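Two complexes are shown next, each including chain A; its partner changes from chain B in the first to chain C in the second.
== the complex of A and B ==
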């Protein structure tokens, strides 16, 4: 058996040697989904991500002088394809971007063995915030529990929640169930009634049963954790049943411009929490215009580029780029290794000045990560649909992380316990 | 010439009833087994294990289970994925409730649960046939997936509603979970698949297999010659579901590492049904050929443009892939409606006569 392992190791080493002999590059594959049932929401995100790195390569010759190879591996949002892509890219990649809660769940335990950082911006498993336990996983700049907390904060500003009723319309899937622990905690503390209404994957486009239930329950607010076709389904159904749109709020993945354009004026007042915001006047957008759009290197179009999701793609790539730059400076090497990138992602300090330097003015709130905090908890803005586009409806809000820090560490410990032996980062001081 | 059977005399009943009466068949099987047991593990990369070897074997096993029911006993089923799910969740519960249990025993035991569920959903087959039975098994498909979602005891009340495979040790080596090496997992899968295939080949040539075939070909005639239809159909459901359940446990424990309920939804059932149909209903080998075509080929096609140095978008490759695999399926079904196994059967017959056809 040992001989087999030796030979396998030899083959891997040979493979690495062969590939590293090629041109210098930073290989950051993206497990994209431009096909399949979620393609409509995937394409703007992928375009934003790709365009940012294309711009960096054209403008600065990459990061630290080394071009970024942000190759896409198509998954069609299928877990099986995602694992295939992960296996295909992991020998050379310095980061993995799984792009679906299903793929994240599969890849998360593997990255801990393969020692590759996993970057899941704004999705994935909320307890990933605990950097001690999840030393290779990052959900920068905010997790679902932050989103749930900020939505409740926003609702509280509108009036006391005591005795109110909040319907929680969610996809019946690991993604949709994520915020339940925090929402339940708030329901208990603040004395409102939480009515979870699951939407099955097969019912995404036809939610008449769920909205009938909403009409019967007469909730004060509807909070939605939706994705893909579910969002458009819910929004059109809400318009049809004349639910007051200003009492309808969603997570950041439920704030896609195209879903709201279907209803246009009728969707006015719909809100979505977000840690990214499209700013067409930001310098980065001008650079993308000159270096990517004009030479015809983009797959996007002006309408899409003005949307929330395209700019979110840019932010995601910018966070990764910043992590790479921090690592390059610390280790004084342009071609960083996966573990060096981990250090980089743990030491991002996105101050207002840094955001302005990167040309991302007003597109992302400031945040800072650390060894023990792999999320950064940037907070976000409540966006509101004004009939044509999303506008900011609130000042920058921040999640009250202390409120659910206990749940984070409890869930992280639970995960580590169930996956023994699970390597944790002992050097971290929390 | 290569496949000449002349001169191979059978001098005893034993020799005549051997698993492979033709020497060349046995030799070919030997070559395949050597490839699978020795050569592949030596040369395969991690990628090949995870995307080609292990999934092809697991899908073949699932198709084999379905083939027992649909190909041999003639009972159309659309609930394969749900029965796989029963196996996977049963294995998860066995492992988490009794962590001391040997993982291979747990995997083999989990099939018993899906066999039980399979028999329960097979009872309507005594009264209804054909497409109507397919609808009844479709009910199993929907009901069981719904149950996997709603019954939180099944996934130990995890907040995410998904099951996650823990690291499982056997004789000091990890055989499941993220710490396990692909080579070990491959050997575990290969061992179980070989064992069950060998069992199935023998079952289908024995009394039970013959009663199944009689039931499939004409159930009234079968009843008239004294075959107990209830026994025949329910054993087919039990054994088929057992194999499917084991393949489901392997699917999650030896390959995926985690599973959410909708993994076991109807697309998986169809995929396995297609493997069985394209491979050839009523054949054992066909399942392997079908799985190679449907599971293995797209992975290889995905690698081609890169290997040839053609710069092409990954999304375009995916679209092309779907088109190529789709047209290949149509092509094979036009050339040989009875599946790839029949194609091989014809080739073999021609080879036996070659170079002097009649």
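== the complex of A and C ==
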């Protein structure tokens, strides 16, 4: 054998070995944002997500014996970069995690053609709940319309909303406008006045105009749909303008400990609806401590790990992990395909028992997905800032999904109509 | 409709004069901060004809350095001095590594170089300090954080002590800068270089020294701006976008005029706030601050392409 032939054979063998090595993993890329104006929100979430899979890889050798490769592709929360990341990772990935409503809306039509599941836990396009129309998209365990509905339910428990005024302070971005259909529906049905107040990306840290409007309008409540630096900007302005914090509520992305720590005691009473809650005593936290923190594999720190967002990152990865596990069991293979993962995500049954088995006690409410329900509608707790940390201010609440089911199907049909040809899952019976 | 545009806003102003005062105060505070950022741009442009795209990230970098140093246990005011030291080293580094090799290159090359500086500072800043939102060391620096509540005409006017401090410090900084530029030898050198590069060089003014100095002054301005904005809503990379608010100020006031930066900043701060509250929110659904300043600057440019205070450039062919 000539030297050239030996080298060629070696190259082929190395190539085959590399290919099989690549295949021996579950590639679940994360379109992360650790940089840019929204990094403050992104970093604890990404750290929680990454640490959970690092723990699974170290403790169990991955899922079903196959390691999870949760490689991050940095988007800086930019929609353009997010689409580039999707294109770059789609050939090998079994799922895409777009991490912004803007990116989700851009990749949604692409995934329907590429047949890759989108996992957008607690964000994205709310009608994705309709699994028949959005067969490849999931916003498990709750969507923005669930959040809007639960916030209104909570406010109604405080007193009749008839004749009241609710200011809706939101990021002037697809994410910020997402709950408007449900809020408008409730305003009409319950007789309160909804005052939308947009905050531009450049105004996130200087919201004096928005809070002057709030002072002039004298709303009974302010509901905030904020992300990133907008939350800290709004909370500091609320304190500055002496708005009663107990009448100020936010979506789950506006409930970050670090944003409230800036105002500390002055933020007491501020509330945020949430489908996750930190439990430092949960077994999963002990396992992360043993397998990730102690070997020095985490990018997080103890303060961040005690917060709401880090634990939410863990839950997000746990949901994906559960979807993978369900698919592996159903199809009797450890290396699942994107379509098999779709089946897995459609058949998650996160009961109290299963939550305990996963070591997530008290960190997420029970929920169940199906072919027709790609959200699961877990419900959530109203959290309240006590001056130092978030505590639960309510029992587990659930969204009245029936109340806006018509809007879900109408918007889903509208989307499918506008994006023809749009493949739907006709085998899926609701 | 005409009534909503021409009558109602003024009726609102008269009926709630305390609210009008609050709007004007908030506009003034924003305007002062815009003027500060714009000054950083103008100083560098005057001395080197470089539009410094990195001014925004310098604000973030300075504030992060200050907070970062303090988090390592360095006392607050020592951290301020050390941050100034870091900004000086940065100025020297930029002059040596970026600007000096590009002397004589077209303006666009120098502009692109400042984009490179921006990316370098973003990456470096994120590696060193991380991207999390950090709390400004307001109390440690002795900056008052309470408020004074006044009741003009039986109404309500809230003046944050932080905002009052920002206005006073910014005015003092601008006065010191103007005194430096007008009454010191180095200040006159900066102005001379701004007026005519060749003539300034021919009388022995050192281009390198002046560039280091103006970048350092821009660094000082960045630090003050970073403290002021950071004290309001924390220190994060989101502060960078605030620098873009200075762009219409520069268009309005003129890129070369220090007076233009100050007056332009105040004008935009006040006018955008008044427009947003009395016309934008009732008639256009709000969030007009994102575009109002640019439209105003555009209108000015239609009639005065050099801005309100910029120098008219006459080129003979």
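For the reader, a short list of remarks on this structure follows.
By our rule, the second predicted complex is superposed on the first by the 407 of 430 C-alpha atoms of A that agree within 3 Å, B and C clash if a C-alpha of one lies under 4 Å from a C-alpha of the other, contacts with A are read in each partner's own complex, and residues count from 1 in each chain.
Heads up, the rule we're going with is that contacts are C-beta pairs under 8 Å (C-beta built on N, C-alpha and C of every residue); 3 or more make two chains touch, one makes a residue touch a chain.
A quick note: this is a predicted structure, and the numbers were derived from the prediction, not measured.
Chain B and chain C, once both complexes are superposed via chain A, clash. Contacts of A:109 after superposition: chain B is touched, whereas chain C is not reached.
Judged by the touch definition given at the top, the superposed model places A:34 against both chain B and chain C. When the two complexes are overlaid on their common chain A, residue A:48 makes contact with neither chain B nor chain C.
By the touch criterion stated above, A:173 is placed in contact with chain B alone, chain C being left untouched.
Shared-chain residue A:82: touches no atom of chain B or chain C.
In the superposition on chain A, A:379 makes contact with neither chain B nor chain C.
By the document's definition of touching, of the two partners only chain B reaches A:418; chain C does not. By the touch criterion defined above, A:71 reaches chain B but does not reach chain C.
Of the two partner chains placed around the shared chain by superposition, neither chain B nor chain C is touched by A:255. Only one of the stretches 98-106, 188-196 or 332-340 belonging to chain B has C-alpha atoms clashing with chain C in the superposition, and it is 332-340. Common to the chain B and chain C contact sets on chain A are residues 34-35, 172, 200-202.
On the chain C side of its complex with chain A, the touching residues are 16, 19, 22-23, 26, 29-30, 122, 126, 130-133, 135, 147, 158, 160, 229, 232-234, 236-242, 244-245, 273, 276-277, 281, 285-287, 289-290. Residue ranges on chain A touching chain B, taken from their complex, read 1, 4-5, 7-8, 11-12, 15, 32, 34-35, 71-74, 76, 79-80, 83-84, 87-88, 90, 101-102, 105-106, 109-110, 112-113, 125, 172-174, 177-178, 180-181, 200-202, 411, 418-421. Across the complex, chain C is touched by residues 34-40, 42-44, 172, 196-206, 208-210, 212-213, 215-216, 228-229, 232-233, 236-237, 240-242, 258-259, 261-262, 304 of chain A.
The touching residues of chain B, when paired with chain A in their complex, are 41-42, 45-47, 50-51, 55, 149, 159-162, 164, 166-167, 177-179, 181, 183, 256-258, 260, 262-263, 265, 299, 302-303, 313-315, 317-319.
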